[in-house]
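Take this structure, written in structure tokens, and hold onto it; I'll ask about it next.
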């Protein structure tokens, strides 16, 4: 339920109203926009009598939110959410590029790639320490050591870090060592993990599951937000279809859909979607053009010998030329890279 | 099988070689590129002894084409195919916009829309005379009368016409009255229809079936081309997936995929893909950015009262602003609108 | 719209009511069940005033049919439709097995297989004369000669024939030479073809398209029925999904769904669904158990050298053992083979 | 890699060979079948020289396993795995029926249902204590209290319990309180959870993910087995497709596929697949007929007021009649209920 506050209402009056509305069954959140303040009420609102609230002199109107996602709903938060991490910004008038290897392999590897992608225009460094692999016999990532290496690269370059966490056991460690916590596609409905990262105060990048609907993605964001962490970045990374020329089918229509339904920023992962490095450039351009807030791209200095996903990684020099090609399109869409 | 001819070989020598290779089992096609001439051999090539041909002094090298599509294969025709229709051009350095109503409803409707989309930058007029409808009780199009109305609009504006044919019975009539023949998604594997339009000498726009793979789309193009009609335009219009926020899922990765596999031009239909008029703009931008050769867009002067697909049609004024927003992106990709 | 007639109403009264209801916009059909007679009204029923009809003394109640399919709707025809072809019966208390090769190759092949499958329990002979093939260079069937060979096999065995028609051009020829006309999955929405077979008086087996919903399948049946041909047999033959161990995913839940929504009989094609001959037996058993009215199975006397689909064909001796294994399950479901 | 041992080889000789083959890189497992003993080698087998092993006099032949799943592979374990839990048996010549409510709601509810399903023929009681729900605001299950209530029902009826675990945090508690641990579809690739239940010695029922391929399901089983827990039961519960008449599309062809690729038992969940209680019976019959080893069915004494999934639950009296209808089909397939 949303209570739209009349302009010129004082903060005091708003706080009074908030207190009145709060109950053991409902929590109330004040969302201050540039031109409007609203109160978002989440919980069992069935017992609230809207006509009584309506009589309050500072109330302009009352809206019921039909969708099951409340905090992630644009109705709750009409303005775009903008997330700032160090010098990087996701959402708003900037276009954010996250880049780095699929998995952290060694100090020299991660530091070299970090320096290179920073020089080309990336503002966030990605790198996997814990790797979800289909086979138990495949390389599972360097684990805690990987987190240390990422931090060395951070010190060398100043780039904030994004890395994946796969289990509640490591949420604390990843929250301490990373600037953005990534939830992978396979864990999009690992609800305990979502709640756990919701308790941290680090931004969370939530990848869409392989066969998740847009609504389910927003419901998973709601799990994180319901624990108090409002800094959620959504990520489209391809869905599973019958087409098998590409590994997955990048659903770019999800970007305008999410923008309409939610205020959260959304980025695109063209590397995992197609699984083909030569497709990263055209798909990245399309992602910028369709209105995404950023990209997360796999860059490796030696794709042929990468410990994982070499086939979809681009080389640093390709990344440099890619970023250049995106600038003009971003500007047309009113974004700076 | 492909025979690459050495540079400086005379036309006479090439013709001699062609004759030698031809047989009741194999047809040979000469493809002259800017820098290279090749002979494409289609049919049962198993009896051809490559080592014998290799000895011919004008032969540079011989390649076997693994894919089942031959004439549609880029290996057969390394340079992009460019199709010209009146003043319009599909492929090459121009970006082509086809626009018009889902179905032709009346003279005033089609003429008014034609004038308007021409003024905004469209170079081809679309309009359905024969409509494939899920229900036998729904409006099935004006039929032959629709073709006449399209031609009135053509006379008024000079815009070439594209319209769909649904059955072999009307191929002749449509070929006579239209500049481009459209094969709809539901008929992508209506093989008799494909052969029939392959016998005409009019360009054919072939839409990808709702659950067709990229390879199957190219095989259907091959059906048309195997009858001698090389002017095929492919069209991505969304595939069927579990996601139901949009009517279908626009597969933009199909564009670079097709460009790699084939020399044929490819356009995007964002109207049918999403089924939502407010998504036409972002998806059109993405289509330009990903490297498509054109767009086919539904424009209606009165979407609320359209006889079909009103929900996905944009108004003439929205179309005008859309075309403007595409120009910059097209230029970045080296295309002119 | 459905008008349920009171018991004991005379035929004369019903005919009178029918005449009253008929108009240029609406056609009325009398459906006489064992215990109940109803009038089904198809067309633009928006102008009919239900309250006026209700006052007629022979009217029990009036129902509006929400679904877009009317004649195919169970509401229109509460009792199961049973189709009889020679000695064979599709629907009702019999379980019908259609069997034969993917394509007719020669007289000896089709006659030999026909004799063998008849001896094992098949009551209808299948065999392709016109073959829809993905590649224009693949074997396209024997055409009219194939129809002749099928008729020789019919004469030898007495088995009625089912064969596919792919284009309106051959509908007449196939209708004359076959007992059941098959519409393939790729042509499920070839609406002109549907209308054309709707004008014949031969039963039509309509295969579900690779990505067609159950509702769309019923709408395609409606196309046939709207032309006056009520003898439609539906066929589930696998849908396209991400799983690629099997060629398609057999959707057996479609059988009870169709039975609920429609009165038409429905059969299962396990051969095309899985594309794997060793899966034909378990899937056939499941089809019987789930409530299908029949099976259509590919049987070839020399699968390794079949001109098409050898990989999914079973041998005559396997077919014999298959039919035996189905009898018990059919009996449990109240059906005789 | 598989080493097939000659008949009449002594246990001592086999143990000697096993020791020889073991290394820090490879673990060796002895699989004793009725007629044959084999050694399965898992790990980095690239350094093993097969020709040297071949010379060992007790070695009949050596096979390399191409699939990424080893312990789950039928090549590793040619005979069917049979799992016994109390009086229940999953796999082999018995058909196992697990039944109970979606979620445990109260002592009287679970005890009443347990008694009823036992009387009808169920041999295992299902009931959710921890519930994965799309919305954070939906009922999440009774948690630990639910486990206690399940155990009360177990004491009353003697039925072993199966219940889901969603997070590593509760694996110990669930392993102590349940007889079979369930991993839900959404957690099929929650690899840390798989490893954790792999460390317990309780059978694990692993549900196929909504868009998981059969191969990925087997790889997830491999995760559990690679930790030493060989008692894995696979479960088909519907995959996500474009069809939306049913909630998901039950993929019954997965059953014979899994039986061919793996030795693990496989059960079917018709309740979650269709999401429609009236479809449970036909789909259950089909599951028995296609060769499944069991069913897991939602039964609720008051579906209309169930705290979750009421729409797909059947009533105890419907369950009773269902079990009766399955017996004949099971017998035909050589299974006893």
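A, B, C and D label the chains in the order they appear, each numbered from 1.
We take it that contacts are C-beta pairs under 8 Å (C-beta built on N, C-alpha and C of every residue); 3 or more make two chains touch, one makes a residue touch a chain.
In UniProt terms, the chains line up like this: A, B, C, D = Phospho-2-dehydro-3-deoxyheptonate aldolase AroF.
The structure presented is a predicted model; accordingly, all values stated were derived computationally and were not measured.
Seen from the C-alpha centroid of chain D, the farthest chain centroid is that of B. The chain pair with the larger count of C-beta pairs in contact, out of A-C and C-D, is C-D. In whole angstrom, the spacing between the mean C-alpha positions of chain C and chain D is 37.
Between chain A and chain C the centroid-to-centroid distance comes to 50 Å (mean Cα coordinates, whole Å). Touching two or more other chains at once are residues 211, 240-242, 244 of chain A.
Residues 42-43, 68-69, 132-137, 166-169, 186-187, 189-193, 195, 209-211, 216, 219, 222-223, 226, 240 of chain D are the ones that touch chain A when the two sit in their complex. By the touch rule above, chain D contacts chain C in their complex via residues 211, 213-215, 239, 241-246, 249-257, 260, 273-274, 278-279, 282-283, 285-291, 325, 328-329, 332-333. Contact residues of chain B toward chain D in the complex are 211, 240-242, 244.
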